[in-house]
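Chain IDs A, B, C and D follow the sequence of writing; residue 1 opens each chain.
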Amino acid sequence: MAFKLPGLIGGLGITFKTMLQGAVTVQYPHEKEQPPARSRGVIALHEDNCTSCMLCSRACPDWCIYIEGHKEERPARREGGRPRAVNLLDRFDIDYALCMYCGICVEVCPFDALFWSPEYEYSEPNIASLLHNKDRLGEWFHTVPEVEPLEVGAAPVAKAKK
Amino acid sequence: MSDLEVLTTRVTEALGDCVIEHAEACGNLVLRVRLDSWRSVAETARNTLGCNYLSFISGIDWMPAPTVGLIEGDTSTPAQPKEMTFGAAGSAGRFQVFAHVQSTVQHIGFTIKADVDEAAPHCDSWVSVYPGADWHERECWEMYGVVFDGHPSLRHLYLPAEFEGHPLRKDFPLLAREVKPWPGLTDVEPMPGSESDEETKDEAVEA
Amino acid sequence: MSVLALEIGWGWMLAFKALVILLIVPLGALVLGYTFLLKMMSHMQSRLGPMDPGGFHGWFQLVGDGLKFLQKEDIIPEDADRRVFAFAPVIVVISTFLMFVVIPIGPVAIVANLDVGVFYALAVSSLSVIGVLMAGWSSANKFALMGALRAAGQLIAYELPLLLAVVGVVMQAGTMSLQGIVSAQQNGSIFGWSGIGNPFIFTQIIGFLLFMIAAQAELSQTPFDMPVAESELVAGYMVEYSGFRFLFFFIGEFGTATAFAALAATLFLGGWSLPGVHGLPAELLGPLVLFVKLMGVAFLMFWVRFTYPRLREDQLQAIAWKFLIPIALANIIVTAIIKVAF
Amino acid sequence: MSSTEQPVTPTNASPDFNPVPDFEVAPGMQRHLADARVNVELDTGDMIINLGPQHPATHGTLRLVVRLDGERVIAADPVIGYMHRGYEKLTEFRTYPQVTTLINRIDWLSSFANEVPFVHAAEQLMEIEAPPRAQYIRTALTELSRIATFLLFLGEMGLQVGALTPAFYGFRDREHVLNLIESATGGRFHPNFNRIGGLKDDLPWGWIAETRNVMKIVLDACDVFEDLVLGNEIFQARTRSVGIIPGELGASYGVSGSNLRASGVDWDLRRDGAPYLSYPELDFEVFTHPDGDSYARYWVRLQETRESARMVLQLLDKMPSGPIMAKVARIIKVPAGESWVETENPLGQMGYYVVSKGGTGPFRVKIRSASFSNVSILPWMLRGVYVPDVVTILASLYFILGDIDR
């Protein structure tokens, strides 16, 4: 007969041992896991830095970023200078129902207006509510973590970016 | 003589006058063979050259996509040349079938291409040589409309049976890109790096 | 209970007994389901299982599930044979109820002390397969049909080793009455030492193992859960059932597990009895003692269930006919020889 | 028992459970013939049954139309395409950086390994090479994704043959590896970490030490699976001589990776293909098994998980310092040309045939995914097996629907 006891008994031993070891799961609503700082949870917008240059919107593979802006005349910075045109952001929406969390928009932003935040609790019962407007995106900004140090052997950060 | 040159000589000698042209593309040997010898090339590759492993069979449409890069200033779709150009080892027309065969023993492999007719693409089936060609040919048939003669059951693989058209042909539109306006088109701010860029950045910092 | 019986008369007594059985089956299913299916399995899989319902370790989960099932819409597939479909779960549960009739929980506390108690219990337990066959056939579903046929094939193969495994115990006790088997164990002695009586697990260890294997197959638990086989037949004969009909199957499954665990505890571990405890104390302690033994046996059953993979139908038949039955027969012969010799 | 010392050939495998007749027939067909004799007398009607597209054994949306005689499969026809997303078409409408986002989703269990060949193909066309540190990190993350994929397989296979618990162990232990991938790349499943010419970022502080710890967990987990699943006699009875792929036939079907190595074909692109990543600098063993059955496939994957853990440890020891990005223009334009890059992915041979016409996006990308070819052998394999064996075979082939349908 093919039944050699060790294999069957050994399996029982493993499950019994595990039973005594305790759980590894996290009881979600009561306790929460802290995702790593790099975790791509949600995109935060720092509105003051945005010039509505459309780069992120254009780089998005899913076309899920909607930007509208207008120019406004502002008085000159220096005495006697010509008045400046400033881009003001009217609308900055990210449709998280479409977003693939690739992070291209964050990388492509030349003015440091977009950041990743590891926050993940923004599920909605209604799919339309996943369209976050600029105020909602701005709220995420305070959850953006500090830039963490790099591993031994990493080249010193040559790029001034972030 | 490098490994690739050795392989090239071996393969071209074995295939003889079936080969129209051969080329090297990034360390990979690409052969263009006559369409009527498509089956016998597979037999030679398998029996003489020992390429027992079929990696894939697929097609290619060399026509520039009519829907790509149409709108001025639209950077959402990658820029492509407007005229028809061909890749490694050339092509006679718009459609080609190409396949990659390999040997699991000698660790060699090469790509075989054949030109098929544009109006009524036809090609011999490889199923009797490589049984795995079955699904690849079904896929190629539904995606490009290339009919594989001698295939046991050329029916749809991915798409529903009543589907019309051949999606991977370049003139088949990608509806997802056409029904929705490109959100990047609404503004015309100068791109960073252009002359007015520095000024914009200045202002942005201050604002 | 014996005291009560004198006072309240025969008719009320019967009603009381019926009520106890009606309660015992769902309660048993609940306790076993919670302890083993929810908690033990979870812990064996490095998780906690339900923690919230009821406050303490999710004890209310199964009750809540049961209530939820009762509220659900009663769905019967269009092509199903409606009457058979509706009746099938009832048969499964009835067979479970009937099993408890002969299981004693105290010196007098037994619904009916039949002379052929063991025989009756095992015979009644196989009734459930009729329900399973009805469920599978009437569902008008191919998966269900295959599951039901598997269950039938499995029953035929495993009824025999189950019975044969018990024969040794019956021979040793000299009676088929479960009460008689219990008292034979309580009052017996091992080589003259009667400190723990004579639980038949020592003399009939082979019989016990065979009984456990066969019971596992009867209950269609892994490694013999082909009638259900989630990864193959989705849920086998239960695939079209939902709502309270599914609840019936669930109660049937775990109630039968309780019954079999109780039966094994009675046959091999001395049942309700503690050596040297007689009379009223035994009457009061009996249910508790049986419960502890039952849980021990059930732990073994479910431990195997959560650890082992599933066999294939033909392998199951091979094990039954080529392996279990010959050993069971040999066990009987050896028991007979020893019985005659001593 | 350990199969290293005593390889089991199809003819002597577990005689008690699978009586194999003496005469020579095609592998996998023996029982079919034996049963055929019985079934002449007990002729029953055939039954056509749909396994899938919603079925627990098909890992998603594979549909098998199976013609059954009792429990025995007469013919099986896989129907795919329920998840076809048309990635070959979509790549033509995306720029190179955008494409890596897409190809993450082909084989979503080992997304990082998917990115590597595509990025490598683009780098070949641009004639640039990622710096050594980037190559090492890429290799380490590729092996980590292999470990993650295989740990899930090692558990999942147990679930498919009926054991509930191993699946949870698989998920539990894979979690550690996913955490590593997430802390380095920012994405648990879809890292999108490769850039043409290097990587998006360097590793975070403490990652190497953490990885060393996790590799210990992985090696322990392999031991657990060896005892709990591989060593279990019931598991062996269910998998031995079930779903045999003869090596030569497998190759002509395009079956690759561990599935082919389990059939005795000693072919691993990490060792035998065109050199890529840091594999030439690594010391590793390629495991083969002569049987070609489901058991062999499990065995090979178990060994490869261990080997991958050892490779990651080697990589961590050798990790060079330096930059992680080559000099690349901000807007990536790839010169015209064709490039074929194949890599040994967890599921098998993954290849991209990238045709560029010099634009910012590819002109045509042929995605050669492993599962597509691995599954195409199913009609051949499933003939004459029992329904439970169908599940065993599906589980042991180990496919990802995204990898079949693309």
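Couple of notes before you dig in:
We take it that a residue touches a chain if its C-beta (ideal position, glycine included) is under 8 Å from a C-beta of that chain, and two chains touch if they have at least 3 such contacts.
Small disclaimer: the values here were computed from a predicted structure and weren't measured.
Rounded to whole angstrom units, the spacing between the C-alpha centres of chain A and chain D is 30. Here the spacing of chain B and chain D, counted between their Cα centres, is 24 Å. One simple way to say how far apart two chains are is to compare their mean CA positions; for chain A and chain B this gives 35 Å. One inter-chain figure worth recording: chain A and chain C are separated by 54 Å, centre to centre, where each centre is the mean of the chain's CA atoms. Of all residues in chain B, those that touch two or more other chains are 75. For chain A, residues that reach two or more other chains under the stated contact definition are 1, 3, 8, 11, 14-15, 18, 24. Residue positions 16-17, 94, 165, 169, 172, 228-229, 232, 234, 237 of chain D are each in touch with at least two other chains. Shown here, the protein chains touch in an arrangement that is not a line, ring, star or fully connected set. Chain pairs that touch, as defined above: A-B, A-C, A-D, B-D, C-D. Remark: chain A residues 1-4, 6-8, 10-11, 13-15, 18, 24, 35-40, 59, 61, 100-104, 107, 116, 148-155, 158 touch chain D in the complex.
For chain D in complex with chain A, the residues that touch the partner chain are 1, 14, 16-17, 94, 97-98, 100-102, 104-105, 133, 165, 169, 172, 175, 179, 182-187, 190, 192, 200-208, 224, 227-229, 231-234, 236-237, 319-324. Within the complex formed with chain C, the residues of chain A that make contact are 1, 3, 8, 11-12, 14-16, 18-19, 21-25, 27. Only residues 40, 42-48, 51, 303-304, 306-308, 322-323 of chain C touch chain A when the two sit together in their complex.
The touching residues of chain A, when paired with chain B in their complex, are 48-55, 57-58, 60, 63-69, 77, 84, 86-87, 110-111.
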